[in-house]
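In the two complexes below, subunit A is the common chain; its partner is subunit B in one and subunit C in the other.
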Partner chain A sequence: MSTEIADRDATIVAPEQASPDASRRGAPVHHRDFVEKVAGTLPYADDWGFPGMLHGVVVRAQLPSARIVAIDTSAARAVPGVRAVLTAADVPHNGIHDEASGLGVDAIQQPVLAADRVRYDGEPVAVIAAETPGAALEAAGLVDVEYEELPGVFDPEEALRDDAPAIHAGGNRYVDWRSSIGDVDAAMRSADLVVEETYRSQRVDHAYLEPEAGIGWIDSDGVLTLRVSTQVIEHAREIAEILKLPHSRVRVIASYMGGGFGGKEDMTIEPFLALLVWRTRRPVRMVWTRQESLLARYKRHPFTMRYRTGVRRDGTIVAQDVRIVGDAGAYPLLSSRVLFAATVNATGPYRVQDARVESTAVFTNNVPTSAFRGFGAMQVVFGYESQMDRIAELLGLDPAEVRRRNFVQRGDLRVTGEPIDTGVGVGECMERVLAELGPPSRPSGPHSRIGRGFACSMQPYGRSVFFADRASAWIGLEQDGTMVIRAGVTDLGAGQAASLANIAGEILGVTVDRTSVHIGDSALTPLTGGTFATRQLYMSGNAVLKVARSLRSKLEPVAAALLECEPAQLSFEDNRVSVGDRSLTMAEVAQAAEHQGVMPYVHETFEAETGEFDRETGRGRSFPDYTHGAHAAEVEVDESTGQVRVLKYVACHDVGRAISMQRVEGQIQGAVAQGVGYALSEDVELVDGVPSSTLFAEYLIPSSVDLPDIRAIGLELHPGKGPLGARGIGEPPIGPSAPALASAIQDAVGVRLQRLPMTPERLLDALQAARGASGSVAS
Partner chain B sequence: MYSAPFEYVRASSWPEAVDLLEGGGEDARVIAGGQSLVPMMMLRLAAPSLLVDVSAAADRSVDLVDAELVLSALVRHADIEHSEVVRGSCPMLTEAVTHIGNVRVRHRGTIGGSLAHGEPTAELATVAVAEGATVTVLGPGGERAIPAGDLFVTHFTTSLEPGEVVTAVRFPVPGGRRGSSFQEIARRAGDFALVEAAATVALDEDDRCLSVRLVVGAVSDRPVDVSQAARPLIGERIGEDAVGEVARAVAAEIEVGPHTHAGREYRRRLVSVLAGRALLTAADRAAGAVHTDHGNGARA
Partner chain C sequence: MSKHEIALEVNGRPVSATVDPNMSLLELLRTEAGGLEVKLGCGEGVCGTCTVLLDGEPVNSCLTFAVQVDGRAVTTVRGLAAEGELHPLQEAFLTHAGSQCGFCTPGMLLTAKWYLDRHPRADREELRSALSGNFCRCTGYTKILDAIEAYRDARQEVSVVD
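So, the complex of A and B:
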């Protein structure tokens, strides 16, 4: 890491010692959870415990496609200390509702525990609770499931054939999306050049620091309560449905997470914990091992993307025709939404007067795929950016110039026919990263070649507008002038809670050290919706901003009367309300307000902009807004071994306005690390639905030694629709890494890889093929 | 995961360790740094009934005695990494240990443990064979010396007898114009190697090769001594063409096992590349051109 970062780490101080400037935007403000994480004192989900708690484990199928003939749990039950062995028959309502599209795609229920059919390797078939982890594990090994193996299908293209084994009654074609604008076929015929290429992306794991974990108990009020690592406390309702309980009898508390990345957006351990707690009436803890997480936790969709692009000789795109097939695995989960996002993002930040995008999510007997940072919109960056480079190459043009000629602007139409209604900063980001790479590095040896590349991207923030998204928050002042914020936000580790403190502080003048943010409790905090879709800053941030402004307007008349001025003259800063050199402490304001019967708290709901989308025509409003950016990289490639080292990396995004620039940079750096792994090494390899390894040591996320310093730049160019003009930054920086590195590799050694990950072996094969083709002798 | 239950005792001397091992039966295992054994226990790939901890059985001594570098079995990888004595007498050790795991692993793992474990990708095993080291072991029948080339049998299997424990490793320190090189490629910094190649070259006054050793690690079930294939280099000035021929011959002949992350043919190509780089670098170093590096595959 750079010295810049090291210096910052050294300045971490406890909140009570934070400088008076700490609430000003841009200054590093260390919310309580950051300090506790560094100190190692923050309790994560598996740190919580109860006296007399049981330990839960999931028994998983060991083959990808089978009929369950019988399950014998008698031996498992006989293990000393075992308190419950539950199978499908014990689940009151054995189905998870999952029509995720919001647009009426046929619903298919996923069983909590497989009843008669296993559809993927690792599918849960039973759950066990025992007095010790050892007894639970021993019993898990003794659950005797008799299977009748069934033919499976593991390739999405094969799954679409008529004779493929049907994974669900309705067949393997789960959902199709189609959006088009203009007349793409006529436009394609008018093109000077048509570029057709196919790009493939792979299945990857979230690989968060903290695996799936939590604890459940029945609280003194008789409410089934779960404290878990989850992105979505609203799952409490779904858990109640599974147990056939009133929604009000289930409460979910989200602990601070060691990463989510979408992997904790669907339920993980929640239904299993809930079943075991409800059956045993005892507290139960469950923590998944890395192996079971790698085996059975939902992954990112592998895509096959066929791009046909018609261009004029000057590089202007005249027609874009895209066909995407995504592997949904064995169950729907969020696949309909992921493919929707892929569809409306597939043409990238480039003007498309005549374009068509079609996509299909296909069931296979592979581990299911669902939400993962970037959510369909990141896979297509590899497609559209590789395509731009290919166009430049074939026309002999500068790839930056080809992009400049095609970038969208405010007012242009997307493929959905909707106009872009905020400013687009992608061009500025591109120019910035190209300038920032600096002078080229020198090769470290005779077989090494240096190369550079870049890529641009767009990524939506906020849920699709037809969901009519809402978020609520509550803010109150205590009598001593400290501030309490209540919001159902879950905090993945990216500072979601801290951002709310910053936003409220900016309006009300209360500093972070005098603010308590209560988050993530479905019973006690106003619901905000989960932390996903880069929506939390947009939604909860706007909710908190609305509430803070409302509370300030309640307090202003009170303070103005005491200070004998007009409300508009007041400033709220550094825990004081002042006019000129006269001021009140926030405590004095809060006390005066209550004394006058003006209660110093407010609850309000922010409603996102809404719109319609027609599933048949594929036209309408898609997402509230998009965040744009560009990345540039320099690599060194060893021509003899195919090894790629990333030497330099610059990533720049237009964030509209940074609520905290430090956290913007943190999001960018983390996403780039994840994006580089996606580009070069990560792959959950399945052989007929069975992973070739479930050892975390063999899942190739890059280590700090494999990564260069990542220069992260947040530009405040075009105001977005988040609070104070902010744009979401959680997902956007993961998209450009793969095409930027593909471009850099091509610059270094002359071959372009169109399949991820770009492993040394694949690169060496491609180099060998290229040398063979050009007739030169391989060394 | 949790390991299976086991007993644990500490030995305060090598003879005591041997006694405890003998008394522990066939499922007793020696533990020192625990960097390989403990993860295997946690994954239940190993389930010893008794662990005999030898960490306090002797000092972590590094001695240069009579043209021999003598390392206590308890010497840790980080000790080797930072030892000027090692760097001056057996630089291939210094070069190789930087590829082992990460800084935490190197501060706990020991040379004796690494050799006794019999993991075919272990860097120190490849170095021990390439440098012609001798392993001193103590057992119920007393002390004996095993040439490193005879120690490794196959995956996780050595020629150590039940009850025997490695107490020291001896590396010859020949004089003359001699150079060595250790080359490794892993998919990720600190991961198990895909391929290792270790070479030593001795030159005469006229830069002609007097002797050469070449060992390939991580591709078969144990380090493979392929020095025979390098014999055509003896008596010659070592150049790229001759080395290329040797390297290709080695790659064509060697048995390459399966790997989760790489195909056999790819690893065979890496054998050729790394064997060539190891030989050329060792020859350059022998000639005194220590600053010429023919490319080190390390990601680190």
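So, the complex of A and C:
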């Protein structure tokens, strides 16, 4: 593998110094999809159509907890143009199987269409296909469902009580995780100070600008084919199970996504579309509305995190005891895995000799929660970083110094008992962001206060090692020397396809303009696994690197014979293979190879490192590696309104090696924008399971005026486990924003918020409470 | 519902259609005028994804009725440059990675072009305000502003040389 690059000194290295060719790699690479995007010509999932296609809609429950007594579809069927009205009884196998944890948590099947019971507001109960969208919508309004309302439970703590209404047969406690190292109780007793605080995060929507969409048809080979906006083409297998078809009879093609962020990791429209296509034998298109997406699409888990931390007077952590409760909503989805990630990351980038982390995912009658950029490991950043600041405050120490005294290093053990086996650059990142904020801004008005804060984080990349993750790829040369890459990766807009062209090009010397990357087709591209868990650069990137090297070693003897040199003397660059001043075009090499029966293509599989994890003891190997970073922010708080403006923002991550520094910066900046929205404004508010609004106007994602320029710094400090030493960067930068801003707000106005989002109302309440408290002390 | 005959120009080409009174300009463009580059983001006029220029002014095409555009000229992102070519602003988005998933890009480009045409020397903060009605969920806006500023500067250099 490619990680045998010598670790650099743990000093701060500017990107341009860190690798001599960084500027070349950072140069804009105009991969085809980006050209089409700015031209407006890239087809997204909603941009394909067929003559004679039908239009599908989902009929959704309008209450969060009920028994379905009867469904009468006769009026809906009578609408002219309606071709199918399907309910649970029409689904061949009405259960989405998912044992997501990989560690034997009991699987609970989620129905495709609710059969006898509704468990959340917006749950699908029927699907309709009609000749026009209007007819489908009219019919949807005529599906008559008779409900018997049942008591619901909406608060995770209440859901854990013995007398709470059970949402599933096994009760509401879905999964518990527990990891510990050392003797936390004894260590806690030995501490000079024990700091106990509780932090709360909220339910968040992905708010990708492209709503869930796609089209399905039965192709000329008889295969049920879906072209959808999805992160995971491997769902083809689940769709086949639902329809009781052989896996080989279902094909999923992923279009370029208009954003995903984890929200298109579980299936969206696929099972509904598949049912309608299979039943009508007609092409069917389905697009969810924004309001439907806000109502019923799976969200980020709200967490309640109780941290008890024992420290010495000098700020050294001696014991860390964490308890996390996550609201899974009505169905399991990926909750077991999200809470697992939360558990093993809850102690952050700090040494823990004696620690215990426990977590529980709880069923409620709220909209289900599942994957979202950061995946459990981002919520806990608000917990452990707020806790570090609180420790510094109580001990009268510099918060940066408290962190310096506790940062993990390579070789240290995590709470799971596993060692960290790559270099840790979190300290360098922290020093860098603290130095980068520049001179403080001046307040803009008499009620305005300026404050600064920072936060550090670690976030895994790659799937948990016990999944024994694999990714395959195929690379071939055409007779004219152009290159074809086939890999089942899906592209979220982060340049997943473009990166593969860059990596293969670096080995084979074929330029991006002479490369075609075929991605995301479960029938025709070797499977890589989905685009999630910040795994694609690690997995498909390593797969493509492995295949490219293998193809190069196949071509080298052919070229060496023609150029009369040793294979090791050859260089592959700019579509030529050369030695000294003699060279061949890639076309000549490809033709010569084929002529000799050396076929110029290779298919291979990259296997990630594997390991075992014991669910009972909570010990073993969890994630392959981590990306570390630190953010610093300056805010202005208006004490009269509670309004927070972010004035400056610096984010720095150790990316090991950047395949494209520009795309690294883009990932950091975009994640920060989402992190700021999560910190200050975004909240899917439910009242007894029912959203207070499903308007996009009420869901406040940051606009251009809500953010300052985000200074993104990618350091190439410690090689990671991705191709050429890269570390994943898709998810890591979303975690630190909330605690960095909480810290900045505290610096500005003296109050610390422990609940997200930190809205003007909450901040005003806290300011008033603080004034009241200090007033009573004074009197 | 009575149908209406309308005629308009889309990127300089005549388009005529018979439409329901409640049809949106967005639906008209996507279904009758081959305008798949105009994207639906929210349908509430909030996100700006569906922005087009109507007689040179940006509108949310999801909230504009098709019947309102009878006799008027619509510009979509494909009207910025000749077929097969890129406008320098589009080039700047490419060079500066102002586009990630690309879904907001058509609307973003049109708003930026409109604003700079009227305010050729707009500074970064003015540009930031001008984009406030066009949401982007991927980039954090920083590289979008870098791209627009680069285009502004390049254009000013050209006009100085002229």
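Definition applied: the second predicted complex is superposed on the first by the 751 of 779 C-alpha atoms of A that agree within 3 Å, B and C clash if a C-alpha of one lies under 4 Å from a C-alpha of the other, contacts with A are read in each partner's own complex, and residues count from 1 in each chain.
As a working rule, contacts are C-beta pairs under 8 Å (C-beta built on N, C-alpha and C of every residue); 3 or more make two chains touch, one makes a residue touch a chain.
Since the model is a prediction, treat every value here as computed from it, not as a measurement.
In the superposed model, A:I128 lies in contact with neither subunit B nor subunit C. Of the two partner chains placed around the shared chain by superposition, neither subunit B nor subunit C is touched by A:A140.
Of the two partner chains placed by superposition, subunit B and subunit C are both touched by A:T289. Residue contacts after overlaying the shared chain place A:T41 against subunit C, while subunit B stays out of touching range.
Residue contacts after overlaying the shared chain place A:A673 against subunit C, while subunit B stays out of touching range. Contact with subunit B, but none with subunit C, is seen for A:T641 once the two complexes are overlaid on the shared chain.
Contacts of A:R663 after superposition: subunit C is touched, whereas subunit B is not reached.
After overlaying the two complexes on the shared chain, residue contacts for A:L209 are found with subunit C alone; subunit B is out of touch.
When the two complexes are overlaid on their common chain A, residue A:M305 makes contact with neither subunit B nor subunit C. Between subunit B and subunit C, more residues of subunit A are touched by C.
Shared interface residues of subunit A, touching subunit B in one complex and subunit C in the other, are 289, 291, 695, 697, 703, 705. Per the touch definition, subunit C reaches subunit A in the complex via residues 36-37, 39-44, 46-47, 49, 76-78, 86, 90-91, 93-106, 109, 124, 128-129, 131-145. Against subunit A, the residues of subunit B that register as touching in their complex are 1-2, 39, 43, 102, 185, 187-191, 260-263, 266, 269-270, 273, 293-297, 299-300. Here subunit A touches subunit C in the complex through residues 28, 30, 33-44, 46-47, 206-211, 256-259, 261, 287, 289-291, 492-495, 662-663, 665-666, 669-674, 695-697, 701, 703-705, 707, 709-710, 712, going by the rule given at the top.
On subunit A, the positions that touch subunit B within their shared complex are 133-134, 137, 289, 291, 444-448, 638, 640-643, 645, 681, 685, 692-693, 695, 697-698, 700, 702-703, 705-706, 759-761, 764-765.
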